[in-house]
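Written below as structure tokens is the structure these notes are about.
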Amino acid sequence: MDNEELKLAITALLPTANFEEGGEWLNILIEPTDWLPFAQQLRNEYALHFDYMFCLTCIDWKTHLTMVYHLSSTKYRHNIVVKAKLDKAKPDIETVCHIWRTAEFHEREVYEMFGVNFLHHPDLRLLILPDGWEGRNPLLKDFDDPVNMIKL
Amino acid sequence: MFIVNYIKDVFNALKSLAIGLRRTLFYFTHHKEIITEQYPDNRATLHLADRFKGEVVMPHDENNEHRCTGCTACELACPNGTIKVVTKFDMTPEGKKKKAIDKLVYHLELCTMCNLCITACPSDAIKMAQTFEHSVYDRSQLTKVLNKEGSKIMEGVE
Amino acid sequence: MWSFSNIADIIHEWLNKTFNATLATLFEMVIAGVCVIGLFAVLGLILVIMERKVAAWIQIRLGPNRVGPKGMMQSMADTLKLLVKEAMTPDGADKFLFNLAPYIAMMVAMLLMAPIAFASNFMMWNLNIGVLYVSAISSVSVISILMAGWASNNKYSLLGAMRSGAQIVSYELSAGLAILSIVVLSGTLNLNEIVLSQADGWWIFKGHIPVIISFIIFIIAVTAETNRAPFDLAEAESELTAGFHTEYSGMKFALFFLAEYVNVFIVCAIGATLFLGGWMPFHIGHWEGFNHIMDFIPSSLWFFGKTFFLIFLIMWFRWTFPRLRIDQLLNLEWKYLLPIGMFNLLLVTAIAILGWYF
Amino acid sequence: MVEELGTNTEGDLIINVGPQHPATHGVLHLVITLNGETIKKVEPHLGYIHRSIEKMCESLTYRQYIYVTSRMDYLSSHINNHACALIVEKGMQIEVPPRAQVIRVLMDELTRIASHELWWGSMAMDLGAFTPFFHAFREREAINEIMEETCGARLTMNYMVPGGVLDDLHPDFQRKVKEFISLYKRKISEYDEIVTGNIIFQNRMKGVGVISAADAISFGCSGPALRGSGVSCDIRKIYPYEIYDKIEFDEVLETAGDSFARYMVRIREMNQSIRIIEQLIDNIPEGDFQAKTKAVLKLPKGEFYQRVETARGEFGIFIVSEGGTNPYRIKFRSPGFSNLSALDHMARGSKIGDLVAMMGTLDLVIPDIDR
């Protein structure tokens, strides 16, 4: 399916979804509360079949956080980008690691780097940062490490 | 049938092992295949590629003149703060002030040989040297001043 | 003609002339002990440099080539290094067993030297049950490994030791069966008499295919018994870092290392004695002239030549094959080597009874 | 902590493999729960070599950030750099001269072979055969020599720049590559003799670390780890970049999904890379090796994603640009990170020795996982 067809199919699934134009792939903006049922539909809908999550990350926009999910289908070879805006004070979103199991590691990484709390994640612990890490999440824009960071 | 397969298995296994043994025996007996380079001994014949990126140097000509104008393009291009240009003001014969380099400090210990400073330099003042034996006893020896003592800029380089 | 037995006789006569019989025997024991320890050290040095050179040439590199002529003193330098290294004992270790284990490994290797015939009429102990003695004592070496693994208080060591236990217990069987086939053919357990029974040709040539099969089984089984690759599961570098000797350092490690090489030498010596005629020169049936020419080569040279050939074989295996997994290792023994060995023993017995060997 | 006690409540043995361990080829730390020799659970602990390259890149310009990516997957640094160059070209719509495109593809494929050679050697070494390591380095050395002559470095080449390549090919390049191809063709049969055909090796690999196609997709595996399960996922074929759509080569697929399938994918992939190089080596078009670019590169505001096929799988760069000279946020999707997450699933129920074989066939490069 090309982007236009995907847009139609996804509007049918989730009428509240907003679309962002301009990118190479279709960008879908959703509410974090809609994410889990929507993800299940994306994965299981026969015509969509988004079974391959190749990237999961987060962007710190200073005022809010945005979760970015890159999905692809190994059957139809189409790609979409799903974005969910999170409140910075309480960044909660449902985990999808039982739908795409690769999300388990990626969500742990986002958890420690951005402080996003993934609800119902089976094993939400620090993955990369050392045990007992205290302080801010390193990839946030206001993180500062005067000792180890090289400033140019 | 089981017995036949069993014997076949054993035979094939032994055969595959024998093939491997034959190959290693070949290398054991053919010493011409040895590829060891006896490094410190072969320094005289060691060939280094002429593009090899070993360290940044500033070529000087016989009059102790270099081509660096002190424009700090290399400093800006460097991704990890390897180069520091310290400038001074020289007096030209006409009595005008002219910017020139006092010191071009190069931190070899930080350098990743990415070649960005060389491509950024507008007057071809610096280049990569093909040296590679950089180990020293003290880290401070890796901080180098590229322009030589008392050197000055070449005529005509702007 | 010059030979080891002449020297031994001269020393024996001189001692008996100078001292009374008891004292002479005592001195002879001391001399024998010193000789064994000396042989130990020399063998260790030679085998280490040999292994490193064999490995290097197979791996298309030069190997040690800096210390001494052509790097031949490299193992000497390594020994010196190991001697001056600190022999650490881990804090949580069982100190007594931890320190005892390497010595047991050494002791077992030394005991095994006794019944081996190094040259004609030259052996420390002409034991009438030599073969049985060797099989019995060599099983003890597993105790030192288990001891080291247990006492180190290290999980890698323990796993390595347990693997080694399972491995040595199983491979004893096929090694024993392979040895038995020669015992059946020669009709004796005395290693010297086994050598003498090969005066008209070595067993590997006389005994048809069944003896060749037992030779192959023997080589595989002893490679496993000495914990050499491809059966080096007890140390399995990429899995257990160094297995049972992970916690050992300095001279204690060196003793394990030395014991491994001496064990390799001993099993190869046994293999050479059983299958390749020990110190017996290469004889073909009744070709008197040919046999006579062969006799000019000293018997000790024959013995060491054959032994080192077998050692080379084992080294060659090590640098060619990947390691087996523990369950495959046991499969190989119980599903392949043991049934084949038993069936083969049956064949050999038939050959011996019917007198079909040459 | 449970790990310090050595056993958990069920009496299982807990072993730390790494951060310093001969099989992890770097500072990977796996906490393994064992029942006897059987693995019950594998839990990776990462971060021993984490340099936060994503954070670093936020303060680097689009010319500077390329060199950092060489330090991630240092065995296929050309391909990482390639992705970086491609995304800048995509964002700024820079036309790359055909000569540069061919050079880039040639370099990518040489890198892929070099990476697989090293993998082959270390894979055999993990299984206890030391000799193949040295044999593999002989061929890899030939590639490194070629790289050194043209790019000026052997491992972290920094040869790709936005708009083309840093320097023209060395005059000796074609001759040396042809020499390498003939060397490779002479020696590749030895690989089968020493390792692939060996009965011990086959028994160690077959049926070990089996992962089904559906699981492999779910775990986000890519590259040989996914192709070994029979899923077509070669970015060069399905989302072609550069000139891969004009080149003839086959996507290597195996269906068994075990370690041996992944092994065979890599071995056969080397042959395909040789095939690509053979097609291109005599047909390098004349012309510029670098497009004219502005001194200061600025990506327009927006989000960009570029995926390439490295030796280990799908490598992706996700850039959020605010229109400035630096990326606002950059995310590297490294193949090793996702492949590693499948390790626990593969390893459960197998022996410690198998874990080594699995890690070998996943071809983990730790700086790539930790970034």
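Chains: A, B, C and D, in written order; residue numbering restarts at 1 for each.
Everything below uses one rule, namely that contacts are C-beta pairs under 8 Å (C-beta built on N, C-alpha and C of every residue); 3 or more make two chains touch, one makes a residue touch a chain.
Predicted model only: the values in this text are computed from it and were never measured.
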{"item": "Any chain in contact with chain A as well as chain B", "value": "D"}
{"item": "Farthest chain (mean CA position) relative to chain A", "value": "C"}
{"item": "Chain pair, B-C or B-D, that carries the greater number of C-beta contacts", "value": "B-D"}
{"item": "Distance from the mean Cα position of chain C to that of chain B, given in whole angstrom", "value": "51"}
{"item": "Between chain B and chain D, centroid-to-centroid distance (C-alpha), Å", "value": "24"}
{"item": "Computed distance of Cα centres, chain C from chain A, in Å", "value": "63"}
{"item": "Mean-CA-position distance for chain D and chain C (Å)", "value": "45"}
{"item": "Contacts with 2+ other chains: residues of chain C", "value": "58-61, 319-321"}
{"item": "Multi-partner residues of chain A (at least 2 other chains)", "value": "150, 152"}
{"item": "Junction residues of chain B, two or more chains touched", "value": "17, 20, 23-24, 35, 79"}
{"item": "Residues of chain A defined as touching chain D within the complex", "value": "22-25, 27, 51-55, 57, 59-60, 68, 70, 74, 77, 81, 100-102, 104-106, 109, 127-130, 138-139, 143, 149-152"}
{"item": "Touch list for chain D against partner chain B, complex", "value": "60, 63-68, 71, 131, 138, 141, 145, 148-153, 156, 158, 161, 166-167, 170, 190, 193-195, 197-200"}
{"item": "Complex contacts: residues of chain C adjacent to chain B", "value": "54, 57-62, 65, 316-317, 319-321, 336, 340"}
{"item": "Chain D-touching residues of chain C, taken from the complex the two chains share", "value": "55, 58-61, 155-156, 159, 163, 229-230, 232-233, 236-241, 319-328"}
{"item": "Chain D partner contacts - residues on chain B that touch it in the complex", "value": "12-13, 16-17, 19-20, 22-24, 35, 49, 51-53, 77-79, 112-116, 119, 128"}
